[in-house]
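There are two complexes below, and they share chain A, which is joined by chain B in the first and by chain C in the second.
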Partner chain A sequence: MATVTRLYRQQIFRPSYILSRHLAEDTEFRVLNLKTTRSQPVQRKKLKKPDVLPPRSYQMPVDQDWGSVWPGPRSFHPATVPLPIRQGYVDKGAPPGKYGNAELMKIPNFLHLTPPVIKRQCEALKRFCTPWPRGLETDSKCEDHFPVEVASSNYCYSSPSIRDPMARIVTVKVKLSRIPLDEHAKDKFLRLVGDRYNESTDMLTIVTDRCPLRKQNYDYAMYLLTALFHESWRVEAWEKLKSEADMEYYDWKVSASKKSIETLFGKEHTDITHADTYSQTVDALMNEGESEYSVTKYGEAVRQMLQLPQ
Partner chain B sequence: MLKMRSTDLIIRRVFSSLTSLRLQPFSTQPAIQERLETFRTTENSPLNHTEDHIGQFYRIPPETKKQLFLYGGLAKSYEIQTKTFTETCFMVRKPAVDIIYCMKTIDYSKPAIRFVMYGKKGNGKTLSLAHILHYALESKFLIVHVPWVGNWMRRCKESSNSEVKEGFIDLNIDAAAWLIHFKNQNAHLLGDPELKVAEDHVWNKRETTPKDAPLTELVEFGINRIKYASRCVVALAEEIKKLSKAGKCKTFVAVDGFNALFYPQTNILTEKKQVVHPSKVTLTEAFLNLTKFDWNNGVAVVIVDEIAIGEKDQISHLPRYLLGKEGFEHMDPFVPILVSEYTPKELKSCMDYYRERKWVQPLPGQDEELTFLSASNPYRLMLLCNPL
Partner chain C sequence: MSLLAIKNAVQIFAFRNSQVQRCIHTTAICHKVQSGRYRVTPKKDFPLTYEMANPPHRIAHRKSWNSWNTSNLQGGPRPSETAIEDLFIRKFVTGTWHSLFVSEIIIKRQHNIIRIAGIIRQTLYPRKMYFLIGYTEELLSFWLQCPVKLELQTVTDKRDVIFKYI
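Take a look at the complex of A and B:
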């Protein structure tokens, strides 16, 4: 059924074609050409590639000024970079070469910042610089004169907005030893700052990001530092209630150990011979954790105090 | 199993007697003397043991052993071995010699000094204590010895509410058993007429132990009236302290597994199935009282042991951890005594002893291999030598 309709359609729409064939080959028997195959296939048009210049890198002299070939930041271009670079991964064989290699174009490059170019740019900038302040030659001197270190980041990239929300974050760093604190104040300060204090480097780090502007965050950080300082120096009434269980370290002077040796000897601990070494070893045992060494030291101190043979 | 052990024993014994018979004509007297000197000492009195005897074995007379350790004080595996060897020998080791030397030099008019022995499992803490106990017996100390506190706190025979003290638990059967142990250990001293009770003890309406009654009466009362045994132990501890203070006797307190007195999770339950803290057990009071420093003419040697506490908490063998905060404050200042693994010399001597007893067959390179296999741990060495 379907073939009949197709046949019908062909006869309807292509009557002139069949007629012309009939005119040309009137001597031969007419053939019903159902498939409409052409005797000669038509030659396809070949796509003509435009002429391309050979890569520029082929013509580069060895002693060219690279700074003017690649003056600014730009994504990788294989014809401009005269280096046989390969990048990427294939299962078998070498990594793909530089032509048509998207991997190379994705990664940021620093081809515009070669050492001679940096040198040249620095030279050019030099006339805008002021001399380095005297007395701040070394890092330790800088630290002495400027104990508070303030850090924030600027972001620069091409997007519709030039403002980055991360630029508001301010980090203030200061060494705890530079803040004048006594024993009580230091203890309270450390409890207030919590994990913002790094014990191994003695560094306090305050990061503020709650205000929308950098200036506001900076002011807030400075306020925090001031408030922490004054708050830790203040002694509240309830602080007297601190018991041994609340102590952050073992203090022999308020411990049961002191009481027991004072009752044992029936005199003040300052009058007992070798009580100071004993107290030090108990402190070490409790604060630094128990080990074979600290227990042995404790034993030696006890023997000395109780006048036992070592 | 038992039968196998006994037949094995007989075979060993027969074998040893045969070999000794065969060897006798060839051996000469000096050679035996020399062999004795290396791993065995003829100095059988712990009074004379010094640093020179370290690593050597000495023999304890059976009657002394019976008096000291009839009701506990030696590990079961060791007891079996002594039976096999047909003698009880202790190795003289540094911790024991150290404590004995201290006990000789202590000024007994000063407050009691406390020693805490610690060390890894199987390092021989209990046996070192046994050696010191022997010394205490020889030098006429009144011995207050608890073979293993864990027996009370972790598998007590029975428990009942205290009648006198609200909220306290009595372990009467264990207390009575301990009183028998005490009586047995101090049989030679308790006859002393000087040892009198210093104050009246009223047990109930009809029964009292009057002032100036002999101490034996108090002990006997506790043994006979098991209901009052726990109270009796507490009273006895107090009386012993008073007697020592008065200079009537010298007292040696030895507690094995002392840290169990501070470990909160006991296996003792109240009627409501609540776990009882050791401080709520009447017996604890007695032995904590005896390990205080507020008396003189006394010495306390206690052992802190990992095995005395629950398995999940066996993290460290060091005294501060095992005693806990409370226990450390109770004992402080104490003298920690480390019981370490065998030194090479001690290990050699131990192996020589086993070989002499025909317990192990001599093989070349045996000692080195066993040193590595056992990591010089005495208990592990014993286990390794059992099938050899």
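Take a look at the complex of A and C:
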């Protein structure tokens, strides 16, 4: 059995005469070694590790300007932060150090917002600021000058889009006492707004969200406010047909009680002494319902007006 | 032969039927909580990083999340898109930095910026590392249409991040 076989290069590669002749001239026959006897061990190239500089924090002076070392928000880097920070939980022993600690890279840090840096940034922003307008020092003064309060929200997300459907909603708030209304107009206004009026704070709140854009919702809210105001001042022809039976509350000034008093005394109710007390007690009796208190008050008022002994 | 065919058909039918009908699992194996937990090896030589050493119920107590975004909050926008993008980023970075990351890939989103953090080994030459950083940032920001930043930390040895052996 031949252990060593000689092969001609021409047979292995290309059957080209020129190439074979050329190769045959300057190279030796290759030897196919079937036995695993290595003539010389192959020198493996040793992997050279790249040179790594020591951490930057070792060379940092104590009085360095930290704002220029860490100018913006960034993940934690142990070689840049010269603090002996540890993070993590170990049952027994110290928490893991800052090198090779992924937990420190996860948590948001505020190393770019140190107090001197904030101060410096505020100083830089100061020249773009304007003084607060005079005469608007307190909230009550602001309310006096700007009675209508318009509120809408912007939403910040960690997503590529800055749009949010909730940003379209516009809330308009105004105090009812700041709207010039008479008794009839106020009554009609309250009927039109319904539960949008808060009686305890005297605040009317209009929320508009039916349009897709904030501008459109704002315009619609302003339109609603204008329409409400003018509609409440308008007196329709059918509103005069309202009789005592249609009243939603007892009004002494249009009642039969007032007429009978005036015929009894033979003069206007404004001229009758103690008529205002009487009218108030009758109003209270009819609107709030009969109770021992209101009935007693009513009796006292009647006796006072008719000058009867108490 | 025909008997065998019938038997096979019956078996297949039964198998399909069982797949349809067996909706409720009552076996104990399903109650076993296994994900994110590692088995102790006989020689106690399986290396664990801090992240691996703490099971998922320790999140927010001993370790924190690997993805930081507002999509997973109540009412947050585009949660599914964010999850898919995070998965894609993880796959891309793992493949691009092949066998270099020794920690989990941390993805933090602030407004439209995506910060990818992690710990890699120091086997790369700085020139190659700079190329890979630029390559990853450029391609990911092109695909995701937002600025992507790679914030890496290097360790000399991959044993530097090992927390314990089990």
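The rule is short, and it goes like this: the second predicted complex is superposed on the first by the 156 of 310 C-alpha atoms of A that agree within 3 Å, B and C clash if a C-alpha of one lies under 4 Å from a C-alpha of the other, contacts with A are read in each partner's own complex, and residues count from 1 in each chain.
In this text, a contact is a pair of C-beta atoms (placed from the backbone, for glycine too) under 8 Å apart; a residue touches a chain by one contact, two chains touch by 3 or more.
Note that the coordinates shown come from a computational prediction; the quantities given were computed from them, not determined experimentally.
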item	value
First, second, both or neither for A:G135, with chain B first and chain C second	neither
Which superposed partner A:Y89 touches (first chain B, second chain C, both, neither)	second
Partner chain in contact with A:P212 - chain B first, chain C second, else both or neither	neither
Partner chain(s) touched by A:M305 [first = chain B, second = chain C, both, neither]	first
Partner chain in contact with A:L285 - chain B first, chain C second, else both or neither	first
Touched partner set for A:S260, first chain B, second chain C, both or neither	first
Shared contact residues on chain A - chain B and chain C	none
Touching residues on chain B, where the partner in the complex is chain A	101-102, 105-107, 110-111, 113, 118, 293-294, 316, 318-321, 329, 332-338
Chain A residues touching chain C - in the complex, by the definition given at the top	47, 49-50, 52, 73-75, 77-79, 88-89, 96, 99-103, 105-108, 156-161, 164
Touch list for chain C against partner chain A, complex	49-51, 54, 61-66, 68-71, 76-78, 82, 102-104, 106, 108-112, 115, 117-119, 122-126, 144-146, 151, 153-156, 160-161, 163
Complex interface listing, chain A residues touching chain B	255-257, 260-261, 263-264, 278, 282, 285-286, 290-292, 295-296, 298-299, 302-303, 305-309
